[in-house]
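What follows is a pair of complexes built around chain A, which joins chain B in one and chain C in the other.
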Partner chain A sequence: MTDFNVNLRQVKNVSIIDLRGYLDAHTAPELENIFNKLLEQKKFRVVVNFNDLNYISSAGLGVFMAYIEIMRQNNGDIKFTNLKENVYNIFDLLGFPLLYEFYKDEQEAINKFITQENS
Partner chain B sequence: MKFSDIKLAHKLENSILISILLIVYNLVFPVRSTLVLFLINEFLVFGVLYFLFNYMNIFVESKKEFPLSLILKVGVLSAVMFFISSFMNSFLRNNQQENFQTNIFNSLISILMNYVFIVVVIYILSTFRILFFLRQTKDRSTYFNTMIIFFCLTFFSDFSRINLSLDYAHDAFYVVSIVLICLNSLKVSWIAFLTKRQKTYLLFISIVLSVLFMVNYSLISESNSLRTSLNSFSSGFYSVYSLVMIYGIIYFGIIFFTTLFHLPTAEAFDRKSEEVSSLIDLTNLITQVFDFKELADSVTSITTKVCNSYAAWLVTKKGNDYELNSVKNIAYVDADKIVKNVIQNEKLLDNVYILNYDELKKDFNINSIDFRSIAIAPLKVHGEVKGFLFAARKHDVNFDEEEKRSIQAFAYYAAVALENAKLIAESIEKERLEKELDVARDIQRRILPNKIPSSQQLEISALFIPAFEVGGDYYDFFELDENKLGFVVADVSGKGITAAFIMAEIKGIFESLSKIFLKPSELLTNVNNVLKNSLDKKSFVTAVYGVIDKQNGILNFVRAGHPPVIYCSQNKVVRLLPSGLGLGLDYSLNYFQTLKEEQIQLKKGDIIVVYSDGIPEAKNANYEDFGYERFEKIIQRNCNKTLDEISNEIIKELTIFSKDNTQHDDITLVLFRWK
Partner chain C sequence: MNEINKKFEKHLTVKSTTENLIKVREFARTAAEECLFHEEDVEKIVLAVDEACTNIIKHAYNYSPEGIIDISIFVDNNKFVISIVDNGESFNPNIVPEPDIREFYKQKKVGGLGMYLMKKLMDEVKYSTVSDNKNQVMLIKYLYR
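And then the complex of A and B:
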C-alpha cells in the first residue's frame, strides 16, 4: 500500500501535481511537502492530476482540504483532473464536487485558470 | 564471629603462647649445655616459626591485590633488619668481654632481637608465598610446599652438628633449598599486569631490595658476633634466616631483570588493558544505559581514551542525512563542517579511514581546523552503515594499523550499543502508542450506546466491530419524544486518539442539539457550525442522521458525505443517496442548501440499513473493495430473516471476503425494520 509517487511540473504559470499509487495516511506527508513547497514559491494555481492514482483515504482528502483555502485566498485554486471512477466516487460521496472543481482533462483545468486570469 | 575469624584468633593465640614459652625458656636457660635442652629450644623455635607462618599467611593474603605495597613492606622490614643487624653487631662486640649471656639484661635484649628476626623472616617468607601464587593460572602449590619442606629439613638437619659425620645432610638440604628457591623465583608473571608507572617503580625498588638482602646476608654469613649470637640462639633458625635472605637476593634480582625486559612493552600493554577496560565499560553501558544521547556521549568520551585522540564525535544516519549526536572536545559547528565535507566519500563505507592533514586541506577544503589526522570508522549493524565515529588527533603521530583495528572493534561495539538504544526507544514509543490506542478504544467503547431501543413497530439491530487502530465510527439513538426516535451513524476522519476525542465531542453535540432541532437538515447544519471551532482543516465527519416517527412510520433523514443508506422494500434493494456535504468541509452559509432531506413512508417489512464505509471499503488480498453490490445482495437474500441474522450474514461474508487482509477501519452496521 505504500506504493506512492508524487511529481511536480509546471505548465505556464500553473503547477501540475501528478499522483500515482495509493494516497493514504502514510503517504500523505509526501504530498504535503509538495504543497508546502508551492506555498513557499508563492505558486497558488494548482492542478492535481489523478490519472495514475488508485486509492485515496480520508487522510489523503485532508491534504487538499488543508491547502485549498489558502490557495483561494491568494487568487489561486486547486483543481482536480483525470480521476478514476472509484476515486471520484470517494470525492463525490463526501460532496467535494460541490466545493471544488473537477475536470476530465488536465488541459481543461489549465485553460480554466487562464480564462480566469484574463477575465 | 565467623569460623575463619575463630581460626584466625586461634592461630594468633597459638603463636603468642609458643612465643612466650620460647622467651621464658631462653631466659631460664640462657646457655643450653646439654643435648636435651638444645633440642627443646630448637623445637620451640620451630613451633614459633610454624605458628607464626600460619598466622602471617592469612594476614598477608588479605593484601594480595596490592603486590607493590607488599614488596614495599618487605623493603621496609629488610631495612629494619639491616639496622638491627648492624646495631646487634656493635652491641654484641662491645659486650664480648663480659659473658653477656649470663647477664639477664643482655640476654633479654638478645632474645627480643632474635624474636624480631623470626617475625620479620616469617613475614618476608609469607610475602614471597603470596607473590608466588599471584596471577598463577595453574596450581603450583607443590613447588612452593616442597621448598618449605626443604627449609624444614635444613632446619632440623642442623642437629646433625652434634654428630659431625652427618654434616653432609645439612649441606645437601641447604643446596637443594637454594635450587628450589631459584626455580620458584621464576614465577613472576604478575609483573606483566602492572602499569608502566608501577613497573618503573618496581624496577627501582627491586634493585634496592636485592642489594639490601645481599647486605643482610653478608652481615650474618661473616663470622662475627651477630652470627655467633644467632647460632647460639638457634642454629636451625640461622639456616632458615640465611635461606630467606638468599631467596630475597635471587627473587628481587629476577624481578629486576624481568621488569627491565617488560618495560619497553609496558606502554603497549597499558594501552591494550585500557582498551579492554573501555570495552568492558561499553558493554556495561549497553546493558545499563538505554538513553540514546547519554550512550552517544559515553561512546565519544571512551573513544578519546581508546584511540588516544584529542577529540571525538559521532553521527548517525537519519533518513538520507546524517545527524550529529555527540561531540567531545570539539565545537558542534566544527564537527558538523568536517562531517558535511567528508561524509559523501565512498572510501569511508568499508573500513576505518584515516584522513591526514594534507588530505584534509587539499581534498576536503578544511582549512581552519588544527587536527593533524582524523580516523573515521563506519558504525555498521548487519552490514548496513548506520553512522560514523570520528576520532581526531592534534599531534603529528598518525594512527597505526593496530590503532585502526582497535577503533574498528570499538566502532563495532558502539554501533551495536547505539542500535540497541534506538530499538529500545522505538519499542517504548510503540508501547506508548499502544497505550494511547487503548485509551482511544476505551473512549469509543464508552461513547457507543450500551442499550438499543426497541418498540412494537420498530425492530432495531446494531453492530460495531472496532479496528485495531480506532477508526472513529460512532452511532447513537435519541428518544426525541414519545414517538420520535432519532439515530445517527457517523465516521470521523483520522484514527486513534484524535478521532476518539472528536467522536466524544460529536456525541455531546448530537445529544444536546437533537432535542432542539427536530428537523434532520437543520440539526446537521447546526452540528456543522459547532464543529467549525473544533475540527482542524484536515479533518471532517461524515454522518447519516434520521428521525423515525414510530406512530406513522415516516422516516426523514439527511446524508452528510456518508455512504448511501440502503433501503430494502418488498425484496427490492435501493441505494438512497440524497446530496449532502460532509461535516467540516465547508462552514459557509451554503451548507444548509447542500443538504437534501429525504422522506420515506415505511411499509411493513421494510428494512433500512445504515453503516460506515468499513463495510463497502473492506478489502481482500488483491485490494479489491467488498463493494455495494455484494452488500446489497446479501440483504436482499436474507431480508426475511431477523435483523440480527441479516447482520450476522453480512459480517460472515465480509469476513470470508477480507480474510487475507487486516481490518483497516471500524465497522458499524445499524438495521431498522418497520413491523
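And then the complex of A and C:
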C-alpha cells in the first residue's frame, strides 16, 4: 500500500490533476498514466494541484519534465498550484520556477489559461 | 550528547524495489530525528536517501527486484553519515554531467537529477568501491554543534 492518489477532473477546458500523498519512483507511473490519458484525449491544458501532496522526489519531477514540452507544442501547458513550502523548495532547488509557472491557487492558473486563450 | 552519538549506529537491508522506498525513508527519518536535526534538515536527509536508493534500483540493479541495498547510519566526528551499499553495476559518478535545467527541458532528459539533488541537500556526497567490488555512496550531514 502506497500513500499516493491521483485524481483527474475538468474545469471548463482545463484538466486538473489533484495529487495526494507521496510522489516517488514507486508512484510516479500512476501520474504518467494520467498524462498519457490526457495526450490520447488531446487535452493539453493542465493544472496540477499539489494541495495534498506531502512529498516529491526527482522521479516525480521527471514526469512533469517529460510531458510539459508536448503540452506547450500544442498550445497548452502544465501549471503548478497550491504547493506546500517543502515541496516547492525541491522544485526551486532544480530551477523549475525559471521555466514553469507556479501559482498560489488553482483558480489563478485556470484564469491564466483563459486569458491566454482570449489574447 | 556526544557520548550517545559515538554509539549511534543503525542498519537496514532491503531488496531493490521501489516499493521499499517508504521503508527506507522512514528509517532515515527516525535516525535523523534521533540525532536532533530540525524538520527542514530531516526532510533533506530523507529525500537524499530516497534519491540514492532510487538510483541504485534504476541503474545499479536495472529494476531487478532481487538486488540488495544495505544502509548503515552512524555518527562519526560530528558527522551524520549514511552509507548505502549495493553490489549491482558500478558507475563513474564523474561522467554524469551536472544537469542544466534548460537543456533537460528541451531534451526531456531526467537522469542526473537525483545525483544533483543529493549534492544540494547534503554537506558531502562520496562515491567509492568497497570490498567484493560493491558500490558505496556516503551521504553526510554535519551535526549541529
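In this text, the second predicted complex is superposed on the first by the 118 of 119 C-alpha atoms of A that agree within 3 Å, B and C clash if a C-alpha of one lies under 4 Å from a C-alpha of the other, contacts with A are read in each partner's own complex, and residues count from 1 in each chain.
The rule is short, and it goes like this: a contact is a pair of C-beta atoms (placed from the backbone, for glycine too) under 8 Å apart; a residue touches a chain by one contact, two chains touch by 3 or more.
Only a predicted model underlies this, so the values are computations on that prediction, with no experimental measurement involved.
Partners chain B and chain C, brought together by superposition on chain A, clash. Shared-chain residue A:D105: touches no atom of chain B or chain C. In the superposition on chain A, A:D52 makes contact with neither chain B nor chain C.
Put chain B and chain C next to each other and count what each touches on chain A; the higher total goes to C.
Once the two complexes are laid over each other on the shared chain, residue contacts for A:E117 go to neither chain B nor chain C. Using the contact criterion defined above for the overlaid structures, shared-chain residue A:L61 touches chain B and also reaches chain C.
In the superposition on chain A, A:L94 makes contact with both chain B and chain C. Of the two partner chains, chain B and chain C are each touched by A:A25.
Superposing on chain A, the segment of chain B with clashing C-alpha atoms against chain C, chosen from 436-444, 454-462 or 544-552, turns out to be 436-444. Chain A residues 25, 55, 58-59, 61-62, 65-66, 69, 86, 93-96, 98-99 lie at the interface with chain B in one structure and with chain C in the other. Those residues of chain C that touch chain A in the shared complex are 18-19, 21-22, 40, 43, 47, 50-51, 54, 57-58, 99, 101-102, 104-106, 108, 110, 113-114, 116-117, 120-121.
Interface residues of chain B facing chain A in the complex, by the touch rule stated above, are 493-495, 536-540, 542, 560-564, 579-582, 585-586, 594, 623, 625. Chain A meets chain C in the complex at residues 2-3, 22, 24-26, 55, 57-59, 61-62, 65-66, 68-69, 86, 90, 93-96, 98-99. By the touch rule above, chain A contacts chain B in their complex via residues 1, 25, 55, 58-59, 61-63, 65-66, 69, 86, 93-96, 98-99.
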